[in-house]
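Below, each structure is written out as structure tokens.
The following pair of complexes shares a single chain, chain A, combined with chain B in the former and chain C in the latter.
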Partner chain A sequence: MRLRIVKAYFIKEMIELIRTKMIMMPYLMPLLIVILFGYGIKMQVTGVRTLILDNDNSQISRKLILKFEHSKYFTTTVKNMSEKDALREMKKANIDAIIIIPSSFEKNSLKGVKTEIGVFIDASFPSRATTMSNYIQGVVMDLASDFHIDSSGVININTRNLFNQALRDEEMIVPGLIGMVLLISPAILTALIIAREKEEGTIFNFYSSSVSKLEFLVAKLSAIFFLVSIAIFVIFLVASYLFNLPFRGSFFLFWLASELYVFTALGFGLLVSILASSQIIAMIVTLMLTIIPAFMYSGMIMPISSMSGDAFITAHIYPVMYYNHIIYDTFLIGQGFKSATNISYLLILFTYGVVLFMLGLLFLKKEIK
Partner chain B sequence: MKIFLTILLKELVSFFRSFGLVILVIYFFTAEVYVAANGMEIEAKNVAVGVVDKSAGGMSKKILSNLHSPEFQTPKFYKSQKELSDAIYNKDIMVGMIFDEQFEKNYYKNLNPTINILIDSTTASQSLMAIGYIQNILMKFNNLKLPVALKMHKLFNQNADTGLFMGVSELLSVITLLTTILTAIAFVKEKESGTWDIMLLMPVNPKIIILAKSLSQIIIIMLGVTISVGLILFQSLDVPINGNLLNFFILTFFYVATTAGIGLFIAAVSKNIMQISQLSIVIMMPIIFLSGAWTPIYAMHPLLQYISAITPLSYYIEGCESIFFRGTEFIDLLPYFGGVLILGVILYWYGFRKIGKLF
Partner chain C sequence: MLEVKDLAVSHKKKLAIKNLSFKVADGEILGFIGADGAGKSSALNAIAGVIKFDGEILYNEFSYKSPKEAQKVKHDIGYMPQGIGLVLYKTLTIKEHLDFFTDIRDIKIDREFLEYKNHLLSMAGLEKFLERRAGDLSGGMMQKLSLVCTMLHRPKLLILDEPTTGVDPLSRIELWEILQQSAKEFNTISIISTAYMGEASKMDNILLFDEGEIIARGNSEQLIEEIKPFVYDKIETDKKHITISDTTYCLENLENQHQKPTLESLFFVNALKKDRLLPKLQIAKSKESIDKNVVVMKATKITKKFGDFYANRDVDCELKSGEILGLLGANGAGKTTFIKMLLGLLPLDGGELELFDKKIKNSDDRNKLKSQIGYVSQHFALYDDMTVRENMMFFASIHKIETLKAIKLIDNYSKELGFEKYLDEMPKSLPLGINQRFSLAVSILHEPKVLFLDEPTSGVDAIARAQFWELLKELKNKRGISILITTHYMSEAEFCDRVVLLKDGEKIADDRVENFYKKFPDAKSFEEIFLEYFR
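Our next item is the complex of A and B:
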């Protein structure tokens, strides 16, 4: 490998990236994704638009309504309307839940006779529906336990939320997003700059020149690596200042893991670009290969420990899961280098990157097929 | 009219000749929708639980035997609290339960026994749901005589099956993405090969050319939608249709025309296919994620709510959900039709003007 040539090639790549405005890609796209998803995805359900039909209008029913009104999870309206009208409101997607208090509610509950409160939930958004029904159950149980005098023998549950005490959505989503953008943006960029040379025919300059395969790859990849390395810091700043994420682990681990991960992502893009003949195909294939694992098999939406069978294996095949483990650790958990899992995952990322790079080197042909 | 049909036919033929595009469209309308519907699982299922049991064991075993699939995995036992928290820190388990020595004694003495629960809340929604499940299980052991019962009805999707919802909303996102890209490609291909200027200089009204070209792409998308709805949504996913399917297709037609307008705009400002893909990502990403497919609009940041009011997809998704799941009547669907139509006319008109300009 001749450094002089690598340097010249590196400068040429940088100039090209600037001229084609692709230099925006490692900054604009990740920031767009992190900001949009970070603000946009709300797993926690708050402000459930609840309509209460109070047919009893008694002290207890009002107490129940008050409990709903005081909870931040509900935005309550109490109205007098027929059930049919209420259902129509729900069909118009104006309310999420209807709670119907029967007319003999107070009488029966004082007598100790079981009364049924009707709850109707719009389940067209299923995961939210489950959460809503849990909340409503909680509120009603809370009311019921107010009546229950004898609380001996009741099992207390003492819950501690580790790592994310306030259960903030941002703390849960944003680290996963970093894992997503640091995979997608380097992979696409790599796939594109090699596929573009193929499409425009400038790859023949490489075929016919004395530049070796290794020099070619090192120059191309290091240009992108350099750009994305800066992006790592930008994204880190966005995560900690815009989204107020805590940072409990070691920054060195975060940085090291990120660089290794970007290296792996470059390998991804490289392999795709070798197979793809045009930019558009390279782009689509990279997107398909990266978005799905970064979302579904990364532990961001669904924890790895609850996966089973195929999903569990798929998650372990993609590099995203290993990186995400480390990144959640550095942001929220904070074990750093003390944890053996972190170190082994770091090694896996490194091996992954090297293997992909070697494969790319092996399959890249310096001749016309 | 004859010219119009000729161009329409030419576009359709050239689409079906480009093998890659056909495969792409078929892939997105079938496999992509199917994978999204089956793969995404936001509900807490198969939760990994770890237990430290220092009590005599009878009562805790009874409680633990209630933790079973599909919600929970078989609990793993750890010797000490240290081991348990290490397992949580390494994310081997999500929920840790600790029964102390006094637990069983207190239970039989009616003394309020305590279970300590540790949760990995890096995936907050699942941890919350898991806690909800555990609370429900413990309720059984409390044998409280509550005077109140809840009769819970989940309307429109009784089992709260995430797959149905994900399938439909993925289809809508696919429609958005493909319409923009296909329309833009149809024009820019001609730009790239230099035939677009020739087309505009022909003694044919350029408006007819543009209309015919965009209509051809709309037809392709509508075909894809029909296949996807029939084959994937109804056949393999068993999505219910509580409303009128015709409403869905009319709304889809309007929406596709709207999105074609965005495609026209992208085609007008980009010179080659590469730029199309970059621009469509930059434009479509916000549209898709602000549409309410992931988070209902009213739960978003107030600023984002305003932005989502001007994206056509938000009306379209809400409308389609109403048609598929809520079974809303036509008269209540009018706001969605209105939203899509108004934005559609503006976007299409703008794209139309932009692309029709020579050089």
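Our next item is the complex of A and C:
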């Protein structure tokens, strides 16, 4: 490999990207996606299937039940059953929320003695869970003010998120979005800068010269790799400061995983660009190949563990899942290099990237199709 | 030394070229000539090692049978594929191109190289524009820059696919000077395809291509000598023949004066040999009487500015009824801009325009006259996904022609213009020459009085070009249609009644063709007259 050729292509690519203003893509597109989706994905919730266990059976408790029944946000049933049975119902996914009114709720609250309403929420969809919990809180507050009870001190709501404990929307969504944008933007850019040469005919400079396939690919990919590597830091800052995500793990792990992941994304774009003959086809195919898996099979919308059959396999075929696991770990959990899963996933990403690159090198031909 | 043995190239399962064998010596310039789609580009691609092929190519001691094996000779190859500025990066400046090609060709930068580079640049006349981006260059300059970039590493095997197509005569001469010098000084093997027969005489040897095979070889004198017996002055005959303009081609003996053939004649004789007689193209005479010498279009001091740049400046121009007016000029002289202003596709920045004695002030004035004007654009504006017939029906309905009438018209024109058997094919799969005729049919569907044609013959082969001009003459004589046509083939000026020469957006000459010849009695062709004005 002659570095001079790589350098010449690298510089040429940068000049072209700057003058065509495409250089903004690895920065603008991820920012837009993260900000729009990060703030945007908040599902409104109506008809929450709520089971109320009234152990008090008093005026206030009945009033509370009435309030739930009159709200369009809840579909309420009142039953006399044990807490255990109720939870079993929730496990079967027959109900979304359980509200337990303790005995002597009326007595205690009117006397100003601390009392506690128990709330269980099915939090498999974190954003939905957060919303439900907020609604329930609202109804209880409303009740308290009706009876002139100092709600903050006296009536406590003990909310427990089941199946997915204590997760904020952003904490779930934003890391997933990082996995999405770091796949899409490098893949598209790579596909575009190679397809453009084909479309415009400048690819002949590569075909008819002694530039080797390796030199050509390294040059093309390194330009994009360089740009997106900077974007990794930008996105990290946005996640940390704009969305106030915690960061509990190793930054080195985050960075390493991201670079490896970007490398695999470049491979995706590379393969597409070898098949596509025009920029528009390259763009559409890359979008299809990246957006859907990055969204559906990343664990962002639906936990991988709850997938079954084909979906489970598909999720494991795409690299997104592995990267997202590491990202969730570095942001939210912090096991870092101590976790064997993280290490093995890093290796998977690396292998993935190398395999894609080798395939690209194999299929790239210095000839007209 | 380059030797090609039994070369065959297939393109999408169709054999583009077969049984091609030839040898080229060091320092020799070999020309490929032939119609569009005759297989020249495929052959060049194969030799340049950028397409899969069968057969063997020997270059000095190296032999290659596939693009992969060709890798070892690419160091010596300089290849410029077909298409204006195809290998240039539009956003890069000339200087950046030179740096880029120096690097990817891994050229050692020493004094000798720098001298050579500057020599190339000054020969191409580009040294003053180093900071200009390729996208802002004229077609001729783009081709010159492409050639400089291709020659930067002093290739021993130079392969150029129509390097001069779309380039004005002056730039073409300069390109050839570079080529001939390089062949002489560095003993370069040059293989060059061209659409300009005039250039064939500059080549040491010529291969004439037709339908993927070589049908004749030799230098230009030999080739012309070979066909001498078949070329006659125009005569009516029952024997198989082709008559174009004032020449008749016939393989049998005719009782008539022989004419001195040109290289173009090669194509007609070959068509005869292959029994591809040209359909007689005749257009039914218009019933209305034709007024001559009525001014149908009058432009006074028309000006168009793009920023600080004058695309057209104070151009006066008159078009009379029943006249073919040729608008000639180099690339970027403002021909297309001028036609676009006449059509109202671009607003005027100054001057006045009169069509059919009416001043055109706004789009309302123009819309009233739209039915009188026909237009064929530089890139025929056809829909690739519709058949020829569907295209024509579509355009007929745009002109509000009744369906029944439209069907009849299409039937008529497809016969008269000779594309009847292609009616149900997709435009993309047809030769350029057919597309061009069918675009012409589309433009006259609504029976306009004036026809504007923007480089309709660009890229079309010699036979199709000749037929096209015959058609234009028919339209003029039988229908009295006035035609304004732009072209960069100087030889086509001969077919016009009057010629307007544009240079840098300004009119520099406007006269009848015979008067031009009176003014320059030494000129053998219009190309030479053109050069007189541009030097």
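One rule holds for everything that comes next: the second predicted complex is superposed on the first by the 246 of 369 C-alpha atoms of A that agree within 3 Å, B and C clash if a C-alpha of one lies under 4 Å from a C-alpha of the other, contacts with A are read in each partner's own complex, and residues count from 1 in each chain.
Basically, a residue touches a chain if its C-beta (ideal position, glycine included) is under 8 Å from a C-beta of that chain, and two chains touch if they have at least 3 such contacts.
As the structure is a prediction and not an experimental result, all values here were calculated from the model.
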A:363 contacts which: chain B (first), chain C (second), both, neither? neither
Quick one: classify A:210 as touching chain B (first), chain C (second), both or neither. second
Contacts of A:45 with chain B and chain C, given as first, second, both or neither: first
Of chain C and chain B, partner touching more chain A residues: B
Now for A:226: first (chain B), second (chain C), both, or neither, which partner does it touch? neither
Which partner does A:120 contact after superposing on A: first (chain B), second (chain C), both, neither? first
Does the superposition put A:337 against chain B (first), chain C (second), both, or neither? neither
Residue by residue on chain A, keep only those touching chain B in one complex and chain C in the other, then list them. none
Which of the residues in chain A come into contact with chain B in the complex? 25, 28-29, 32-33, 36-37, 39-47, 49, 88, 90-93, 108-109, 112-131, 133-134, 136-138, 140-141, 143-145, 147-148, 151-165, 167-169, 171-172, 175, 192, 196, 278-281, 283-284, 292, 296, 299-308, 311, 325, 328, 332-333, 335, 339, 341
Note which residues of chain A are touching chain C in the complex, please. 2, 4-5, 7-9, 11-12, 15-16, 19-20, 200-202, 204-205, 207-212, 365-368
Spell out the residues on chain B that touch chain A in their complex, using ranges where they run on. 20, 24, 35, 39-48, 73, 85, 88-94, 107, 110-129, 131-132, 134-136, 138-139, 141-142, 144-158, 160-162, 164-165, 273-274, 277-278, 281-282, 285-286, 289-290, 294-296, 298-301, 304, 318, 321-322, 324-329, 332
Interfacial residue positions of chain C with respect to chain A in the complex: 45, 48-52, 67-68, 71, 74-75, 77-79, 81, 83, 86-92, 96, 99-101, 103-106, 133
